[in-house]
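In what comes next, subunit A is part of two complexes: it sits with subunit B in the first one and with subunit C in the second one.
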Partner chain A sequence: MVGLGKAIKRLLRRGVKDGQSDNPIKKFRGTILSSSSVDVPLSSDLETNLQRLKSIFDKCSDVVFREFVFAQNEQVKLALIYIDGMVDKVQVSDQIMRALALEVAMATGGQKITKAHALEFIRERGLCINQISETGKTQDVIHAILSGDTVLLVDGHTTAIINGVRGWEARAITESQAESTVRGPRESFVETLRVNTSLIRRKIKSPALKIETLRLGEVTDTDVAIAYVESIANEKVVAEVKTRLKKIRVDGILESGYIEELIEDNPWSFFPTVNATERPDRVAGMLLEGRVAILVDGTPFVMTVPSLFVEYLQSPEDYYERFLFVSAVRLIRLLSLVLSLVLPGLYIAIVSFHHELLPTALLLSVAAQREGVPYPVLVEMLVMEVLFEVLREAGLRLPRPLGQAISIVGALVIGEAAVRAGLVAAATVIVVALTGIGSFVLSYRVSIAFRLLRFVLILLSAALGLMGLTSGMAVIMIHLCTLRSFGIPYLSPMIPLTTTDLKDVVVRAPWWAMFTRPRLIAGRRQTRLEPGLKPASPEARPKVEG
Partner chain B sequence: MPEKGKIDTKQAIMLSICLILPTAMLSVPAVIIRHARQDAWISLILSIFIGLLVARLIVSLSFRFPDKTLFQYSEEILGRVPGKIVGLLYLWWVLHSNAIAIDEFASLPCVALMPDTPFVAFFIIAIVVAGYAVRNGLEVLSRYIELITPIGLGLMVSLFCLLTTKVKFERLLPVFDKGLVSIVKGAAMPSGWMGEIVLFSMFIPYLNKPREACRVAVLSILIIGIFMVSVTVGILLVFGPDVSSSWIFPVFMAIRAISIANFLERVESVVIGIWVFMGFAKIGVLYYAAVLGSAQWLGLKDYRPLVAPVGIVLLGLAFLCPNIIDLLDFLARAFPPYALIVFELGIPLILLGASLIRGRRGESS
Partner chain C sequence: MIKKTAVVLMLAVLSSLLGGCWSRKEISELAIVLGVGVDLLPNDQIRLSVQIAQPGAFYGGGGARGGGMQTASWAVSAEGKTIDEAARYLAMRVPREIYWGHSMILVIGEKMAREGIGLIGDFFNREKEPRETMWLLVAEGEARDVLECGSILEKTSAQAAAFLTRMKTGFAVELREFAEMLASKGVQPVATRVIVKEQGAVPCAAQEGVATAYRQVEVSGLAIFKEDRLVGWLDDYETRGFLWLKGETFKGIITVPSPGDAYKAVSLRLRQAQTKVVPEYDGERIRFSVKIRTEADMVEQQSFEDLAKPEKIKALESLMAEEIRAMATTALEKVQRGYGVDIFGFGDAFHRKYKEDWRRLKDRWDEEFIRAEVSVTVEAHIREIGMLTRPAFSPEE
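And now, the complex of A and B:
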């Protein structure tokens, strides 16, 4: 035993040493671009620059190098570099090429522009592009090209002009697939970062809405934006988000889920501590409560932090519908949350241990159903639950037209036929179905956690009855108490209790009573609306003098 | 300091409630009723005063040594070696009280639900779940308690409201039937129980508003007292002293009697749920006190390595008591002098006296 321990220790130590000797990150960066060719400034000679860029973009068939001459002075050579398919071709040919190669001459009446003044002239009068910038670094040129901008190099100048003429095929803004509502805006985010930021900006027209960008992913070089409302968001959280994001060193970020797992507070938890949504109205609402949004280029899912447990009981529609109805619906959601977690375990516990807890008539009926069933209730329940999960997964993965077939097979074959064949008791099917429907009521992200934990509770209840069920739930509760999202306790505002914030947990207070923002999330500015906005009929209103 | 977390006043009150109430709720009324019969509620009111006395005692000790727990200031007051001895005694007492709590915790499901399951299964569950909370620190433990206590007590109260159909006020008469002596005898056990508030001194340094320690201790004793009095009166009103004193868990049996409109029946499973959730809370608080105390007694920087060993010791100690009848007998006869006189009144009084004489004060001097 001692020898084994020593061997493990030695192995571990060796692992550490290996890690130190060659830093994987450094090695990995070197393979992407040799820094010598990137870290140099642009040369004044166009040929040299083109040579360098061509060697960098060697074997990249989608990069276009277009060399031509300036209309005003044939000695001034120009080059356009862009990636085919990522630029607006009409703009590139009309507003850049046509302008510089033909139309400038007409506008200035054939007056010659010296080589030394060419760049200035082009910038001031030559280009018909609304968004341009300049750079002298090869690095920036490469990044601009890869991002879909068109780079204009002018012979004799060490500065390149970056023309913002990005234009690629993108998905149109459509209705949200993952979170649907009856009332509320229909639009949802798309894959393009700029469109997404504009969707938020259109909802919050304030200079206080800050959108800071950074680039993550050594190979993918993905744009990531952090959005927050400056006067409302907690600066500590904003700073924490930035530090956590800046620490990330990966090869690529293809979806916000990559980042989520890298910035979470509790990586081993079942519960999400970062929320993700594809609804701009939801993100705007979160921002106004003082949260921070993280947008990632290439995905319609925007993350918001800090994310608390109550968020998963809320739906964006809650704030558009009448508050009394919403409060009732939230109670239903709470009920289905408990049901989806506890019901199978409770059923097993009662059927296999605590028959006395059922009223006699019900007990007799359940016992009669279970009479011909060959397996113990645990096996029956596990099989049905797993089958349900399989059906659900199949329904998700299959092409949509086939989804119908799945539901028919699920409902008829599994439900009806299994009961008739005496393989499972009807009560078990009812419990499984109720549990499944209950979990669909919840936000998808948190229902995943509950689905997994349900199996744990099933096993515990089968082993120890009610005792096992309750202890399993206690452990889940303690676990929920340990969680934090960016420093904010996960169960707040319930635990620790913030009485003023209970207005948006199980009940939703009417808008005229939503006086403050969540205290733990928002920073300094708590007040949300002026008091005294409660509507009243003209007779009931106190008379204003004068 | 081994613990860095802080708890607020609300959490501290619930923590002190969970230090005493969860296991007292079900079994204590029977013992009191056995002695004082229908005057059990008077005994309980007496015990509230004892509880308040103990609370006042430890709060004034803590005010003299604001940043120190019981284990730390006993060394400061008495000197190193005697202080360590007192610490060891308290350590034993905390562990033993916790073992008793675990025994009680296990006995209800064993008696009421699963008579064939060995006690040890329940012991292990209790220790593992409470240990998980303790390992995560005081903040997590108190958050769990904050989550569980209002729900548990609220459900308990609403269940008792359902019993109102069976109430007969004559069952409380005649008052003072058996005389003062039996009332005082009946007060002994609940006083020992209330006196467990002495362990609140383990948590006073971690209050975010230490000035409110006195308010916290007094309020929690009052809440526990009022709750216990109403539960006891409730049982007496429903069953009368003869029937209820013959049961081990009269509260459980009272809830079992609920039957409304042939629909609301068998609600005692709710009581078992409350019992389990709040039992974990009580065991967790005592477990935490034991772990933190032993870390301070040994002079460790972190208490987390001690969670597992203390758990194993607890498991062993839980076997001390063979069954619930013996346990209740012990609690009724031996517990009051053992806990109340030595640990809850005796040693704190000596500590306070010694510190007064030696004039050692904490920051305030």
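And now, the complex of A and C:
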């Protein structure tokens, strides 16, 4: 097995030539821009600057260069550079162009502004833009333009003014598709990073909520934000997240999944050690428990770390609904989790090895169904499970109305027909269906892991019966015990045991009893609510002095 | 490198096949035995009969397969010197692997039982598949008949016999319990009796007004053993007497004459019963006083008198006690005087109280038992009289 692992590693390293891998930064930069034109500071001559930028944005038909003169002094030439479609056109023409080319004259009463004072005047009085900044570096100018800002160059000055007038067509905030709840906020994240950070900020109105940004992806230059609540989050985890993110050197990041695979603790595991959600309330809850969120521009999926196994039993709604009901639902989830993993294996083990485990009537019924089925139960189960996966994939990829049709065809027609034709036993169809539905109860991310492991357990059970099933489960359990997410044991608070944190695992304790934050995530014991909040009638309430 | 990888990969894949499936038995390759019967033939050969389920008949789903009128079971026999030898011959006639794990009953033919169950019991305890919790039945006649007859309500006669036994209207004995009784010196074993006879009727669809009677099993009475050999039978009435003495609660009715009208009857349904056996030994004579305490509900009366009155209840209670005493005494008379074996477990009660003396008496316990004096006292109570306070259909006063 060691040899096999090495071979795979070798295969994965293929394409990385020695020497090139040493300094990837150089390589990436070299492919994008000739470094000489980027590193130089802006010139005081507008023409030179424009020439340079034009050569950089050569063949970029969406970049607009608009040159005009300052209303106060025709000697002062101005240029606006922006990308068509990424700026708010009304603002650019009304608040910048109109102001500078026309209205400034009224403001100053015809007084001439010298070339030397033009920049200062424009910055102080000329622009009606709420968010401006200045830079002297060509690099920053390029980034500003590409980010959707409008850059104003003033002749005779080595400083450019960056106007924050971003505005592009964006998707509205809609209800979450992947994680829906009955009770709870309806909004979900969108593709724009700023909107996403604002959604979190709206929930946590505290200066302790820190949102640090960095840019990743040498070509895509994607904005990435790290959000955490200072004084709650574990500093070590925050530092670790930053370290891992800063190490990333990649040409493009199109979705948070790119980053996830680059910062995971155990890249070979079936189990996700980074959570992703599109619900702001869930992220806010995670932040309040001391986790760190990683937001990526261009995707509504926000990652949270450290991510533990218990998270897959939890749903945001758990904290909004009544705790007794929620605890019961958690048990159901746990049951479906176990079912979706072991049921097919258990069925195979019992039907082909341990017939004595079934009550006589059930055995006879199963035997009757299997009468005339041409293949052994393993083949039958594998075919049905694969078929189920095919149907599921088909349902996901097809346009939504068609997807429903597929599921009806799959569930009713194929299942029923196969049973009627005697190709599969009805019991097998029931097991496959139960397993499938069980995996739907779980969060999609963990169900992916279980879907794969299920096949492993099926093969083990078919080879060794319950013996195979239990040893397979033991290996999975051992693996889970070894997993860590950003240093936090994956199975905590169960393994290692933190008794106070068991209040939010299989059952959910009422809010007035969840005094502390999860200890391991925050790295220390933290109180989150005062004791004595349990509702009581006025008579039963302890007398308060004064 | 690639060669090495390939070798490792091959080893991994092939080794999973190596270990695999050696004890795998697909359900559709099994002949599921529901009942086993053992008879002794005149030529001293043992005949092993099995009732094998025909799975198609157990298919519930709308009858897509199987059809309605399929036979649900197949009874097949083979002979041999021992059970296992017969089982080997059986394997030549049964095209699937014989699977004993779900056999519900073990029926012993009368002749076999008289010869001694010890001859054949070993196989069913030693083999790993047959369960110790099988019901042990003794057939009046041949065991094969029990497996060859059918059942109208259940799919097979083995199921019918097992469910009848499980209802505990009589005394039910598992194979394990029989072995325990056999091992103890303080009690002699018993087993449930099973009879095959025509009973009930099924209307014939083709000819109106014609009903066919089917041979079906009936579980009633007890087979009495001395060690492992059958010595005699108890009928239903005596079996209930036995249950009273043994202290087993059972579902039963006691019918007594109405207190005011001896020609009309009152039925009482048992709620619970407790039996205490107290042995007394003065070094010479052994005496047992059996104290039975029971509660019952009144469920039916034929007379029109008002039995709800306290004095009538009292009268009923004493009539009931009398009836129970009569039952117990009848059973005791027959077993103690007729067969001379202690099937009630009085020996065990004696053992618990007189440990020292038991050591001396245990090897000739049956003789001591025959000489022992047994007194039965019954305390009966009536708890509920149902939903009527006055008898139904009684004329207005």
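Keep this in mind: the second predicted complex is superposed on the first by the 513 of 546 C-alpha atoms of A that agree within 3 Å, B and C clash if a C-alpha of one lies under 4 Å from a C-alpha of the other, contacts with A are read in each partner's own complex, and residues count from 1 in each chain.
As a convention for this text, a contact is a pair of C-beta atoms (placed from the backbone, for glycine too) under 8 Å apart; a residue touches a chain by one contact, two chains touch by 3 or more.
Nothing here was measured: the structure is a model prediction, and the numbers come from that model.
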Subunit B and subunit C placed together on subunit A: clash or fit? fit
**Study point:** Which of subunit B and subunit C A:R420 touches, first, second, both or neither
**Key:** second
Handout entry: Touched partner set for A:L50, first subunit B, second subunit C, both or neither
Key = neither
Of the two partner chains, subunit B (first) and subunit C (second), which one does A:V373 touch, if any: first, second, both, or neither?
-> second
Max touched-residue count on subunit A (subunit B vs subunit C) belongs to chain C
Which partner does A:L339 contact after superposing on A: first (subunit B), second (subunit C), both, neither? neither
Q. In the superposed arrangement, which partner chain does A:F353 touch: subunit B (first), subunit C (second), both, or neither?
A. both
Report for A:A144: first if it touches subunit B alone, second if subunit C alone, otherwise both or neither.
neither
Please indicate which partner A:L363 is in contact with in the superposed arrangement: first for subunit B, second for subunit C, both, or neither. second
Reported in degrees to the nearest 10, the CA-centre angle with subunit A in the middle and subunit B, subunit C at the ends is 40
Touched partner set for A:L459, first subunit B, second subunit C, both or neither: second
After fitting on chain A, the minimum C-alpha spacing between subunit B and subunit C in angstrom comes out at 5
Dual-contact residues of subunit A (subunit B, subunit C) 353, 356, 464-465
In their shared complex, subunit B is touched by residues of subunit A numbered 353-354, 356-359, 464-468, 470-471, 473-475, 477-478, 481-482, 489, 491, 494-497
The residues of subunit B that touch subunit A in their complex are 8, 10-11, 109, 113-114, 117, 121-122, 125, 129, 132-133, 136, 140, 143-144, 146-148, 263, 265-266, 269, 272-273, 276-277, 280
Within their complex, subunit C touches subunit A through residues 1-2, 4-5, 7-9, 12, 16-17, 19-21, 23-28, 30, 32, 34, 53, 55-61, 64-66, 99, 101-102, 104, 129, 131, 159
Touching subunit C in the complex, subunit A uses residues 1, 3-4, 7, 10, 351-353, 355-356, 360, 363-373, 376-377, 419-420, 422, 426, 459, 462-465
